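Please go over the structures that come below.
Next come two complexes built around chain A: one with chain B, the other with chain C.
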Partner chain A sequence: MSDWFVCYVRRCATSTPGNSQISREISKLCSFERTNSFPKVNVHFNKIAFFVTNKRPIKAAMFSEVSAPQEGSCSLLLCRPGSEDQEPSVFDRVKPAYSPCSERFKLGERSFNRQYAHIYATRLMQMSPLLTERAQQKWGADVRIRKLCDLQMGEQCCIVGTLFKHMELQPSILKEISEEHNLLPQPPRTRYISESDELILEDELQRIKLEGNIDVDKFVTGSVIAIYGAEKNDGKFTVDDFCTADLPPQAPRTTLSSDRFVLLLSGLGLGGSHADSMLALQLLVDMVTGHLGDQGEQSGASTISRVLLAGNLLSQSTQDKDASTKAKYLTKKTQAGTVDAMRLLDEMLMQLVSSVPVDVMPGQYDPTNYTLPQQPLHHCMFPLSSSYPTLQLASNPHQATLDGVRILGTSGQNVKDIQKYSSMDSHLEILENTLRLRHLAPTAPDTLGCYPFYLKDPFILEECPHVYFSGNAPSYQAKRITGADGQEVLLVAIPEFSSTQTACLVNLRTLECEPIRFSSFSAGDDEESEMNISH
Partner chain B sequence: EICRSAPEQVQSHDELRPLTAREKELQELRQFDQDWRCGPCSISRLQRWERAAQHGLNPPREIRYMPFSADTDYTHCLSSDYPL
Partner chain C sequence: MDDLYLDNIDEFVNDQNKIVTYKWLSLTLGVHVNLAKQMLYHYLDQKRKEGSARLHATYLVSGKFVENGTTSHKVSVVREDQLEDAKSKMSLTVSVHVYSVQKAVLKDSGPLYSADYDAVKENLRNCSRYSAIRCADAVPRSSAEVQQACETTQAPPPETEQIKANHSNLASKPTSKQPKGIMGMFANKNVSKNQDSSKEIKLEQKEVTPVVETSKTKPAPKTNPVTNFFAKQAAKKPDKSIKEEVEIAQTSSSVDEKPTSPPPKAETPVKEELAKDAVVEKDTSKTKRLEHSDSEEEKNESRRKKRRRIKKPEPDSSDDEDSPPQLQEKRDPSPSPEIQVKKEPVAVSHSDELSDCKRRKRRRVLKSRTFVDDEGCIVTEKGYESESYSETEDDFKFSQPTPKNPNPPKPSTGKKEEEKKSKKAAVASNKSTKQASIMGFFQKK
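Entry: the complex of A and B
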């Protein structure tokens, strides 16, 4: 994989293209050999940007190869402005067939007069037959599948149910308010697991403690699995083996003839106190809309068929709750932090939607409901961009089919919650885990806020996606996995843009993903800053 | 939770009389409430029936066509009288 580095240099006094002073500035910043680099200068409004591509042998499917500079194009940029009768080259953006399929995540009338027992009941109802089938595939068609109330001591059998992990450190409101314990509220921790955690399996009527060949740390409450083993004398079930529902069936995708890309982006963090990534964000918008680069880059940008924003468009600092606790006379003239941030977002989106279709998913810090599934942001907050039909306000989780490629993902709350209640650290590992469990958010509703569904559990994956993502990861990760029945899935952990300035480009033809990083240098640091060419 | 086994006929003090149609239907509804395969009861009977039907549990078809709107005893099961 190769990275793009787009850098802003100090605005030179003599800004005529091709000036040798500019090349000298550029060569000072380049810390690698110049033989293969193409310093090009594109004067755009008041900015001077240049692209330095590091040409290494890479497959043709990479975005950087698709938009690689062509022979002689260098001279096109560095020549004088063209005359009137010279036709500017216009690149049409590719228009793939798009159909959103997240109806299951849209809530109509909401009733909260319901217990959460129903969502667990329907989850077990839906997953039981799947697990029974998997159990028979794994341990033989004649394996005994028993209900917990029918267990015989010592008999090898298979049980199917929902896991409950009993954790000492899990905050319990009952413990906190109980007077006999005299406990102070627990400070929030990053992880609530401990050595003494226990796994318990529950079916429709009973529950039983599990021990044996099962790694307690890797499982979370709410996962539905099948266990093979036997009940021993002490009333606990000894586990010999287990299996999950694994990947659901996948519809084959149509093979595309040309490269088409989707840009995945998350964690913009607008309205935050640190504006480090604003420049990088503007660069990204300029690149996608084709305002940067020469003909090669612009035609490359036209292969980006869609942009998907996976949550946390606003920064956490906009969620300042002081206004609700302060006295009214102090807060009369102040407005919520989200107002300015949303205006920024609307302006940025308008630049994007005028050129490319955009899916906007809300995240943890965005102004929509807290519980999953988060409803799409309201269009009244986007006065400028909502007049464009290319703006698609989506729910979280979001599912869509783009040219036969099924894309499904969340803004990361499900993954972060599992991280708190298990020993897994890598967002990608957790993402793969949820796919193999066939459930987007097993910890909902236990520790992750969720709407009290009763009819169906919409987080159960019924069809296997081709691209499965989660947003707001600490770093970029991507992996291709293959299922037992030949399903192929590209897993992507989209990094948080406000801290990493990295976005992901997914090639819909080859199902490969590459990161694209926009780093910028301020005018001050010259000699000290080195070009970071690591991945 | 009171666990009842539904008797075939209601025993009154002096004589055994056959159940009215309404009583028969209510009895069938109570049987349906006690079926553990269809999940918890704290939703309306129609909703619970829908859920059971959607998940292939084959609940009794007659329940679907009972006069739920006419009679308040029909809509919810016993435990829904207790507040959440």
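Entry: the complex of A and C
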């Protein structure tokens, strides 16, 4: 029972009681239990309205609050060890219901004899019914949906097809090796867009150039969209409006009674030349396994039900092949950098898996295949930790259901690729874009390596996830979006740990994300603080 | 609670100049981490009270931190002097405890990581024993379960794939059994080489030959110290050869003879030569070239000698095969080792195998026929003859080359005949088919 009650209070001339005093009086009247949250009281001119509830208000459950020490107890650990019979507290790790759903990303027998055109064909085939439905929803049920070959001049209609963005600066192997052009190979750039880019829509049979009310920079090759407009005299299609497939249907998630967290982590960068983040990583492992922190924090850490490592476990520097640049006699006996790095990773995972279930996804610099979907790292590389059933070696992209919450994400290669070929900078914005396009990696296989699928395109989102993440972002970003049909998705751009020492904690009950930062001191800190003081 | 730990910590900090972190202390003394933190605090407190203030400590502070409108949970290790500052910056302090105690002032937190590293590495197996969280699922599986899990996830690799999958040094279960099986075969069968020599090795694929040979070098390390040099490289390709070996039901003659090293001089050196050549070169084409260049003459000589010995008692029934002997004597023996190294279909040794063969194909083999011509001279001619062989032949013995087969083999029974007839010729033939390798220099002739 919760309601606002209003009562009139006689104004007292001498003293006006403060809010808290009033609420105390009221609670005494109603004989409430004294809780942390007093009944809310608003005092107006002559009347007092107070909100009474017999439900404990749900706090915004951030990890800090979950781990907060109980009121009144000072830090237990800043005191002498207690008497002998005091048992040190041990908390049990919560056990969520976990089921991995990424079978579609696992490749069995691989055959590279096929052309890539089949992916586009099946992508269009799978997505056109969805798009026609959306188009009818948006522009009316009587909108004409035409194939390109049936286009009439000047007729307002809707066409559905795959976008192709023609970019002058896009590296093309044919241009490079062509002797006519005498071109030197292009140096790699961060962005390949230019002013002269054009958008072309292709369907099963034909293609047509697009112009008009469409922002060329925001789209990438491979996206399947519906365009509303008309074909003009010059053979180009003038766009009035467009629509994407938008979010897929979402299964409702079960509401949890207690707080459960998932730790999302990426970009560990082991084996790199800078070991700056090793202590931070150790602090993270210690915190998750329950070594670090006060009792409150340790009990909070026991609510972390899973850890998800989203790629780039090894640093980019392990990819440098000395063998190709240095003389052979210098490099004959040297091991690859990945060997030591994998050993470090195995040891770190060993510490983690003995206490919490872990999902390990490979990333761009990890020893697995290059093309998407990246297959799980092989268990033989983890001799110590693979004997634990809590280690789950997952593919990239990875999908899993944790306590009824569907989690889907990649290690960031798809987002980075879209960043190179469009004007969008923010990883979160790109992530939202891919969700609205209903496709994980539209640029595959054009600029992003991909396996030649032909039966179906596994990157099409069929069911809307509740948590959608991408790893190795330059900084932490999180947002909640709602779809047209009431879907709620938490978008998380997981920052790179090796540079930001930040990980993400997602609360499965409230679908909120919180960054968790690890820091240590260094010699530079002293000088900085001195400088601040002097100013 | 005894205060002995205080003395322990004192010893660590002062005498050994260690950085004593709570984790290191908990692993060393075998106590719960919270107890270790309290111990450190107690020690610090006591020492401070005593006045010997040469100790420095670092603290761990964690809590809610508001920055630019975003709240985050911040966990940081700070020096003692920064402790109050750090606490004040946080809007909600969740935990504060002693992280480490050391004698020197730490400018940088790097040493804190290295202080724990060794202790953690040693105690990896039970690193969560002293932590405050237990996970019921995190129980290491026994090795048998792990292997079961691995096998179910691994697609049964076809033979070729296993051959190709050379890189992992970890022997998967099937492969680990195979060397034992092979070793067992070698150990058990010290039967007369003659019997075994009759079995001809079948070289199915180019890559297989060097591999096979390398595997064979493995069981005979004692033959030469040089073998050990190659044995390492041979060890790199256990899988290839192992799989092939397993299919070889019978021990190859050469392999068997290897353990009995001195007698089969001809065979083993030749075999080893081949093997080592293969290992060294890791490229069959190169091996062939080398083999050509190396010891053609010696091979020829021995071959001829042995050939003559052998030929006499054997009947001369030579059924002409489809292809007439095209090669004349002037044709170099060099092609023969080459061909034999490549893949000479060699007769299957046992009749049992004949019946078990899954696939039979016909191949053209260079064989030599010896006959007495009009003038009463013994003439040996080499020619291509068609011979049937089976791919799934287990015998990886080396193809017994020309000297061994005085008679062109008949298609189906040819193998049997060859086997019978060439038992004695095994030694010689092996040597002749084997390409000369560097091992030739180390043999006593």
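Note that in this section the second predicted complex is superposed on the first by the 447 of 535 C-alpha atoms of A that agree within 3 Å, B and C clash if a C-alpha of one lies under 4 Å from a C-alpha of the other, contacts with A are read in each partner's own complex, and residues count from 1 in each chain.
Basically, a residue touches a chain if its C-beta (ideal position, glycine included) is under 8 Å from a C-beta of that chain, and two chains touch if they have at least 3 such contacts.
Values in this document were obtained by computation on a predicted structure and should not be read as measured data.
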Request  = Classify the contacts of A:Asp286 with the two partner chains as first (chain B alone), second (chain C alone), both, or neither.
outcome  = second
- Task: Name the contact category of A:Leu205: first (chain B only), second (chain C only), both, or neither.
- Result: first
Message = According to the stated criteria, A:Ala441 is in contact with first (chain B), second (chain C), both, or neither; which is it?
response = neither
The chain contacting more residues of chain A, comparing chain B with chain C, is C
With both complexes overlaid on chain A, does A:Ala117 touch chain B (first), chain C (second), both or neither?
first
Between chain B (first) and chain C (second), which, if any, makes contact with A:Ile193: first, second, both or neither? neither
Quick check for you: in the superposed arrangement, does A:Ala245 touch first (chain B), second (chain C), both or neither? neither
The answer for chain A against chain B in the complex is residues 113-115, 117-118, 121-122, 125-126, 129, 204-205, 454-456
Listed in rising order, the residues of chain B that touch chain A in the complex are 36-37, 39-40, 42-43, 47, 50-51, 54-57, 84
In their shared complex, chain A is touched by residues of chain C numbered 1, 22-23, 26, 32-35, 37-39, 41-42, 45, 58, 60, 62-65, 70-79, 82, 92, 94-98, 106-110, 112-113, 116, 120-121, 124, 126-128, 130-141, 143, 146, 150, 153, 155, 168, 170
Listed in rising order, the residues of chain A that touch chain C in the complex are 62-65, 67-69, 75-84, 88-93, 95, 108-109, 275, 278-279, 282-284, 286-287, 289-298, 300-302, 347, 350-351, 353-357, 379-380, 383-384, 386-390, 502, 505, 514-523, 525-526
